[in-house]
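Structure record follows, encoded as structure tokens.
Per-chain numbering from 1; labels A, B and C assigned in written order.
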Amino acid sequence: MTLSILTIAILTVLGAALAVVLYFVAEKFKVEEDPRIDDVEKELPGANCGGCGQAGCRAFAQACVESEDLGKCFCPVGGNDVMQKVAAVLGREVAAKEPQVAVVRCNGTCENRPRINEYGGYQSCRVKAALYSGDTACPFGCLGCGDCVSVCQFGAIAMDPATGLPVVDEEKCTACGACVKACPKNVIELRNKGRRNMRVYVSCVNKDKGAAARKACKAACIGCSKCAKVCPFEAITVENNLAYIDYTKCKLCKKCVAECPTGAIHAVNFPVIAPKPAPAPAAEVEKPKTSEE
Amino acid sequence: MDKLLVSPSPHLHTKTSTKSLMRDVVIALMPAVIVSFLFYGWSSMLLMAVSIASCLLVELFITRFLLKKPSTIADCSALVTGILLALNLPTATPWWVVFIGSVVAIGVAKMTFGGLGQNLFNPALVGRVFLLISFPTYMTNWTRPQGFIGGGLDALTGATPLGKVKELMSMDGATLTSIPEYMDLNYCDMLFYNIGGSAGEISAIALLLGFAYLLIRGVIKPHITLSIIMTVAVFSGIFWLIDPAQFTDPLFNILTGGLLLGAIFMATDYVTSPMSKTGGIVFGIGIGVITMLIRYFGAYPEGVSFAILIMNSVVPLLNKWFHTKKYGRA
Amino acid sequence: MMKTFSIGGIHPNDNKISKDCKIEVLPVPSKVFISVAQHLGAPATPVVKPGDQVKVGQVIAEPAGFISAYVHSSVSGTVKSVGPRQDLAGNNMTHIEIDVDGDEWVEGVDLTDTLVTAIPEDNKAILEKIKMCGVVGLGGATFPAHVKLCPPPGKVAECLILNGAECEPYLTSDNRIMLEKSKEIVVGAAIMKQVLGGCKTVIGIEENKPEAIKAMSAAVAELQKVGKSYEGISVMALKKKYPQGGEKQLIDAVMGRQVKSMGLPIDVGAVVQNVATSLAVYEAVQKNIPLITNVLTVTGNCLPMDKQHNYKFRIGMPLSYIAEYAGGVPEQAAKIISGGPMMGKAIANLDATTVKGSSSLLYLTAEQTVRGEESPCIRCGRCADACPMGLEPFLLQKYARHNMMDELEENAVQDCIECGCCLYSCPANIPLLDVIRIAKGDVIRIIRTRK
């Protein structure tokens, strides 16, 4: 009996003493943090993808709290919805941004761009790019080892074994930009999703002169400038033998698509004539898929 | 070739592969397997067959049906585990006990950690120790030799020299001089084949042959094995010199039990031993000391398996502490 | 006891099949394409334009920076174009295309075979000549030679090491020049030694080239009778081990000293030059011949003995021309390598042209070179045993695949010399060097930006 009382007494005293110690230690090493950081973090997707340019969601939350006007802070994964919520938490205003999507600007399929040698090293675009120009005659295009696939945290990009090119799943893509950074050839670009997901872009990054580019790949941009001439909105510029369509100026008239002699300009998600990636049936028009998505 | 192959340098590669290394270990184990066959007869071969077959089957089952990945049994590592497990068991072990041991060795100790190269503990040893704790009666049922060489034909249940010494020394006032099993031991017999024990323990010379083969082929480096043997020699030597009536002598400790089998084939397992030379020596010293502590002062007569498993657990730490000597960073 | 370096190393079969094939001179093709990037550092700036007449040895591109080099025309004729063309790796690089017409050399060049042993006294003039003749290190890195021969202030050269190790399997060009141009090499060594202030000079040669050791020793002995400039030169036989020819390994083997991480050989008083560089220095200083030729080995197990060659080539010759002249690309060749099989580059494009540092056209069969399938690391430690820098490739590759830059730097990835010993010795075919090479580049970039 005395033993049990003694045990309880010792444990009680010990517990109380340690609690006091713990309290003071906790006080001493307390880290002062803005409680709003927690509130902002709760609103974020929590993917820690780094697409915003910060180390993770908490770092982004901290950056939001510290920034004056949220102008430089944007969570590409959460998009405008999340940014509105963050702004509400912080009591600030935020301007809506066009949602974006990753676009693979290479159409060097196995058919368009035959392989001229065989790569036998580690299957990584970075390793391959550091070694040589690649297993096709085009030194600019996609290397096909799938660094963009392995870096995507949302499973939004996959290699198509038939073409040897990556395909972006527009539903899953959050425009975090990880693939853009991972691609050593700068083939992938973030572009505005556009009205009803409709986009027109040059699916090529070859800067060689026309003849060389054409020799390397049937679907290469040869820098002929026909598209630039036909564009009524001055959205197309040709630099270094390569055309580029400014997505902020493009009005989706598709005149350039018909004009391009090599078919390097792609128009996607248009209702009737719909080439890859996803064949869009006529029903797609009725879908309430707005640019807000 | 119509298309040239392009890859980063180097463009040449060694002929040595994981498979060829494992094959060399199997070849190195052959002398011990042959001796156990000659010594224990067909029953030891049956045990070996059950152990190998169940190890391969368990790995095949797990990779193909649970993980849905290509089978990895072709790399021969499960084969090595199977042989080692069999060499660690008494010949009289029932087949279903061997099977359980294989399931634990491959299924629990190897595949749950992620398969070859990922396991923290030596699979065969985990299997053996699991059986030793779960089925002590089977695991200490040392059938006397009934093979083609050595010993009589009586299938008596005896004990290993280590077991006998431990049993008799636990009595009050016992000294080694009063134990005939210890005093009458002939080192020549121990070296060749004539002592009781599991299939892999009976012949020191067969194990040393395997050791020589592994060294010549460059499969293992000698430092871990030598470090264990030296530590056991020094540790037991000190105690033996202090009191030869209470402590067994160094040669007895080196040649009996699973010490050589453990030091040559189990402690040197690539996956579960330290990467650096210094780490390997420390690892060996640890095994030697723990083995002798268990043999002299512990409840079990034999401690090699426990010693190796305990030291396996500190390998990540040893890898962190001891690194290779770097050029220009002395 | 023969010396060698102290850490790691491997022993691949040396396959010096073409070691007895005498150097043959390749005829000049009708057209050459001379690259402006034949050296480490900034590509040179072309100073000729289409239509210009050029002679052999005329400067056609000038250095564009401190670490850069002159490029000379290797033929006489008319410049046809200056523009991009794919190099060995298929990347675009400016090449100067010249239509060949005759073989007229610039004035002042001594094309006779007479050995000139008297060394000019003015060191500044010698260095200027080496620079003007576009001499670069021919051991692989093609670092401009004159830069290496001017130790930074406060540093003193104690030992000039002439690298005749030729530790790469298959290559025999250094072996041949050591046999056929021994005296010229020794004179070149004496010139560099004088420029460096008269330090000790050691010619390191691996034991698998006994004829070269003999020839070089004889040449040194003979020249030492000529004059004082040749004192203090000696030949050292080294035990065969790859990568003995690595600068840091050779210093360790010959001097027993180790260069600190991120340091230069001169920090421990060493200057290392290849024997081929020494020959180029001789020709530049004593004969006024700019670096427009070098020797290259055409070899491979799949070539019959009579198709093994050592060729003296001129820069700008298309590799396809050389391959054709040597009897065509063998049927079994799966991979063609420029350089040794351990550190050389696989050729993606046979239309690429020879450069100053070209050392071989090596044909490997699929059986020899195709990598096995990658399997899990069994932690055998063979990569760490093989690494001549004492690194732990198994650890580095793991960190590299997870982009753990701090850990990579802590474990000295920046010390990697990319010799390939780790990947060569891995039984699990893990692409160790492939990933470590990339990580090394990243870490060095981080270290540089920090400074």
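Definition applied: a contact is a pair of C-beta atoms (placed from the backbone, for glycine too) under 8 Å apart; a residue touches a chain by one contact, two chains touch by 3 or more.
Every value quoted in this text rests on a predicted model; they were computed, and no experiment measured them.
In this structure, the chain pairs A-C and B-C differ in their number of contacting C-beta pairs, and the larger number is found at B-C.
When each chain is reduced to the mean of its CA atoms, the one lying nearest the mean of all protein CA atoms is C. Averaged Cα coordinates give chain A a centre that lies 53 Å from the centre of chain B. Computed centre separation for the pair chain A/chain C is 43 angstrom, with centres defined by C-alpha atoms. Centres computed as Cα averages put chain B at a distance of 50 Å from chain C. Within chain B, the positions touching two or more other chains are listed as 4-8. Multi-chain contact residues of chain A, defined as those touching 2 or more other chains: 117, 120-122, 127, 130-132.
Among all residues of chain C, those that touch two or more other chains are 335, 345-346, 348, 369-371, 434, 437. Interface residues of chain A, counted against chain C in their complex, comprise 117, 120-122, 124, 126-127, 130-134, 139, 208. Interface residues of chain C facing chain B in the complex, by the touch rule stated above, are 7, 10, 12, 169, 248, 252, 258-261, 263, 332-337, 341-348, 350, 364, 366, 368-372, 375-382, 384, 387-392, 394, 411-412, 415, 418-421, 423-429, 433-434, 437.
Residues 86, 88-92, 335, 345-346, 348, 369-371, 431, 434-435, 437-438, 441 of chain C touch chain A in their complex. Residues 1, 4-14, 16-18, 20-21, 75, 77, 115-118, 270-271, 275-276, 323-330 of chain B are the ones that touch chain C when the two sit in their complex. Residues 3-8 of chain B are the ones touching chain A in the complex.
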